[in-house]
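Look for chain A in each of the two complexes below; its partner is chain B in the first and chain C in the second.
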Partner chain A sequence: MMAVRIDPRKVWLPGLSLVILLLLAVLPYLRPGYTIVLVYTILMYVVLTMSWALFSGPTGYISLAPAAFFGVGIYTSAMLGKALPLPVLVCVGGLISACLALLVGALTLRLKGIYFAFFTFGLVELMKNFVLWYEVKFSGVRGRFLVIRIDNITIYYILLAILAALLLTTYVIRRSKYGLALQSIGQDEEAAAHTGINVTLLKVVIFAVSAIFIGAAGAIWAIRLTYIDPYIAFDALNSFMPVLMAIFGGIGQIYGPILGAAVFSYLREILITRFPYHYMLLIGTILLVAILFLPDGLVGLVQKWHQRALRGQHANT
Partner chain B sequence: MVTILNVVIAGLLLGGLYALIAMGLSMQYGVARVANFSHGEFIMLGGMITWTLRTVFGVNPLLGLAVCGPLAFVIGYLLHRTLFKRLSATSASPGIFESRSMLASFSLMFIIQNIASIGWGPEIRGYSYLHTPVDLAGAVFGANRLVTLGFALAIGLGFYLFVARTRMGKAIRAAAQDASTAGLMGVNINLVLALCFGFGAALAAVAGMLISMCYPVRVVMGQEYTIIALIVVVLGGLGSIPGSFVGGFLLGLVGSVVTTVDPSLSLVAYYLIFVLLLLLRPKGIMGK
Partner chain C sequence: MPILEGQGVTRHFGGLAAVAGVDFHVGEGEAVGLIGPNGAGKTTLFNLVSGALVPRPGTIRFKGENVTGFRPHKICRMGIARTFQSVKVFADMPALENVLLGLLFGAPGRVSPADAAREAAELLDFVGLPAVGASAAKDLTLANQKRLEIARALATKPQLLLLDELMAGLNPTEVGQAMELVTRIRARGIAIFMIEHVMKAIMSVCDRIIVLDHGKKIAEGTPREIATSKAVVEVYLGE
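Let's look at the complex of A and B:
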């Protein structure tokens, strides 16, 4: 009898994500117009943040490379946008980013701790300068206009599909032995290596997997941008935001980064429209407060309340 | 011959600035363990304040030193006393403190940049000061750039002597090796770390002042210098003030050589050096 009992704690989260995905899938029929643009902006940040957390969450390696992968995706669209159909374009963007991640990962994932953060941050700047140099020298342009005409609803559905694939990937990796291996790397890398885990290979592969989704998101985001140059494509903010959003949500749990990205990117959109000249000041202050007072993020806060509520119940009975 | 001399002198001029910037970050990261990504913003503040003093009040840029340095020092000191001290007290391990303080420095970067852009706007600012050409054995440079190098050397040397010869310098070196043990030996560690952070900010602002004498400045200039500072600090060896000094000149020379080939590739070259260094000698040239 015990074998068929379903643990509600294990079912409600995947169930809830499925319900949310379904709701998001019918949203364009319910609320067309600006809502779609707002929601797909949020979806884009959720994809970036979840991809970041897929690798950096369990391992504790702080990657500042997302902007580099995102930019590679954007430039894939810019250069191949006319030649390839959209779904192929998105996949190609993801694959090129993954190749870059394999290369960079193989070179640098032996580095410990903060060096990795420095290195990946430099990568963004390197790509920006390299692409700028290439464009000026060989293409004779500084920026490019994208003339692919695709409506917002298609962009929305593609981002939603990327998110669904990412959710599935994250879930499968976390539940597999590789998820456990990643966590053991985060806790003690030497001990993990001693138990027979090929730590370098695992790190490089998961780093590349996370880059696929960031690159794919970049490829579709390029179409929304319409005009791009290296400064827009390789904006370091796209590295900082996923890290900060994930920390804001709490990286201990699978849903922490999702919650953090959803709440924070919504907040960001509101702040940008209300206070266009001061929003970075407000965002910086909010994040600073969160880093100081919410070390476990929003999820930690929710858990604390939950535990307090439980304790309250016990005290009453 | 003249071209080689040209390249070398240009490299030294650039290197002096890099050395100052990197020494500042070395104080903050090497000693206080804060990987301060907002370092470049203090450079920007130094440059913009000097520009304002020069164009609005007609103050000699070199006197800006007396304003930028102390101002940045106070900001840095207070930041460590309030923000980073608290982060350090609430972090379970040094590794966690490193990540949290780095994230906090991202937020600081947003805040400082936004405040600066409210004050100064997005325009590129520049002024002309001591643009008289000076002939050095056939190679011609602006007097302002030579003054910059002189200042960088003097400040670098003075700072080195301060760290190497004074009692406070000894406390700083002890804190760089092991902050908690230094605390047990009677070093007032919170004071020392806050002073280091303040010195780091002051060096950045002074470098910003010198930069504004030679190049145009703008609110979003900080990030590039942050990266250069990170590279030089790793190049020189973490926590090693002389290492950062030498590393700065080394990178300046490389930059100058690459610039003669293609100016837009200098950051790419720095990054390649960074890659090679991290792979071959992650301790840096003077690290222990």
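Let's look at the complex of A and C:
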């Protein structure tokens, strides 16, 4: 006899994610046009932020490398875009980024705290200048035009597919014993090692896994950019945005970075289009307010409301 | 044959010989105490045994195998577990998950999640923390955090347990309980190598005591021999 018991607390989040993914999947049929571009911009930032949080969230290693992996994805498209079909191109972008992450991770993940942050940021500059040197020396160009004609709906669906894969990966890792181990590394790395966890290997592998999705997002994003050069592809902003968005949303929970990235990038798009001259000022103010008054991010705020609502219920009964 | 054996184990920090040419061994199921004044190199010796540091020169053998230079997680999986002088629990994680990590990563072989959870609860019970499984480790008292560290260490199924100043910071009642816990761990057949400043504890628990001073072994013997040793008294009290 088999009894299937479902704990509502355990299924509501995956369930909700599934519903949202399905809604997103039918969105192009309901609202074509600008909405699609707006939503896939948001999806791109959600992918960047979730990938960043996959590694940096539990371990507390602040990585500023996303722009390097994103740029590698972009240049994969720029150089191989004509030779490979789109899905393969996206996968190759992810894999090359992962290889870079494995190499860099193996070299630098023994650095702790601010040193790791600095080094990963240095990686962005290094990659930018390396690619610039390579292009000028061997390709004889400074930038490239991408002449791959792909419509917005395809870009949208590929980003959605990357997001779905990332959600699944994050969920599986978090639920597995390796999720627990990552958390323990963030709490006390020395104790984790003496508890039998191969901390170096685990850190490097998860760092590389997170780079796969950033690279894949970069490969598809390149097509939207149409013109790229190393300064555009390795824009340092792509390293800071995921960190800001994750903090804005709240790092502790799996859905914090998602919420943070979605709300933040939506606000950004809206503010850029409505208030092009005051956009920076407004974004800065919002960030300051969030950091001062929402130490646990948007998720912390939601949880506070939730608790207050629960207390209200008890008071009434 | 001893379960743990060190030969000429040495480690320098800059020009300072923290541990210099120390030979030591721990027999199977034996309880060995490690004492000495502050800065004698006791914790450094533990770090060398547990793989946090590599001896240069010197060799360490465990169960007859040369484990010199093995990394901490490997040493742990081979059967040497440790606790820390300043408690290192996974502060924000529930006590049960602290122990679970030991079972899932440190213990040889695979365990199903259900078995691991049951075993973790049993271990918490064994160290005297039956009701705190769900509380975050940081919310426990110091004495209970030390018990939690022991539960996490035992979860890795060790044959040798290194205890670094288990009794430090505990009140007399808690010291008594800790001594009783050590006795029960020994009854499981686990050898114990312990650093301790509480003399009453080390004298009554240990079969043999090693005394370090300035990185060198200056005496070794039964608790009675050590208590009457002239060299030891000199080191502790001056001439």
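One rule holds in what follows: the second predicted complex is superposed on the first by the 308 of 317 C-alpha atoms of A that agree within 3 Å, B and C clash if a C-alpha of one lies under 4 Å from a C-alpha of the other, contacts with A are read in each partner's own complex, and residues count from 1 in each chain.
Everything that follows uses one rule, which is that a contact is a pair of C-beta atoms (placed from the backbone, for glycine too) under 8 Å apart; a residue touches a chain by one contact, two chains touch by 3 or more.
These numbers were taken from a predicted model, which means no experiment stands behind them.
Colleague: Between chain B (first) and chain C (second), which, if any, makes contact with A:177: first, second, both or neither?
Modeller: second
Colleague: Chain A residues in contact: does chain B have more, or chain C?
Modeller: Answer, by number of touched residues of chain A: B.
Colleague: Would you sort A:145 into first (chain B), second (chain C), both or neither based on which partner it touches?
Modeller: In the superposition, A:145 touches no partner, neither chain B nor chain C.
Colleague: Just chain B (first), just chain C (second), both, or neither: which does A:108 touch?
Modeller: A:108 contacts chain B only, not chain C.
Colleague: Regarding the shared-chain residue A:193, is it in contact with chain B (first), chain C (second), both, or neither?
Modeller: second
Colleague: Mind sorting out which residues of chain A both chain B and chain C touch, each in its own complex?
Modeller: Common to the two interfaces on chain A: nothing.
Colleague: Flag every residue of chain A that touches chain C in the complex, lowest number first.
Modeller: Counting only chain A, the residues touching chain C are 177, 180-181, 183-184, 187-188, 190-199.
Colleague: Any idea which chain A residues touch chain B in the complex?
Modeller: Per the touch definition, chain A meets chain B at residues 60, 62, 107-108, 111, 113-115, 117-119, 121-123, 125-126, 129-130, 132-133, 136, 236, 240, 243-244, 247, 277-281, 283-285, 287-288, 291-292, 295.
Colleague: Could you pull out which chain B residues touch chain A in their complex?
Modeller: Per the stated touch rule, the residues are 35, 37, 83, 86-87, 90-91, 95, 98-100, 102-104, 106-111, 113-115, 117-118, 223-224, 227, 230-231, 234, 262, 264-265, 267-268, 271, 274-275, 278-279, 282.
Colleague: Along chain C, where are the residues that touch chain A in the complex?
Modeller: 50-52, 71-73, 76-77, 81-82, 84, 88-93, 97, 100-102, 104-107, 113, 152-153, 156
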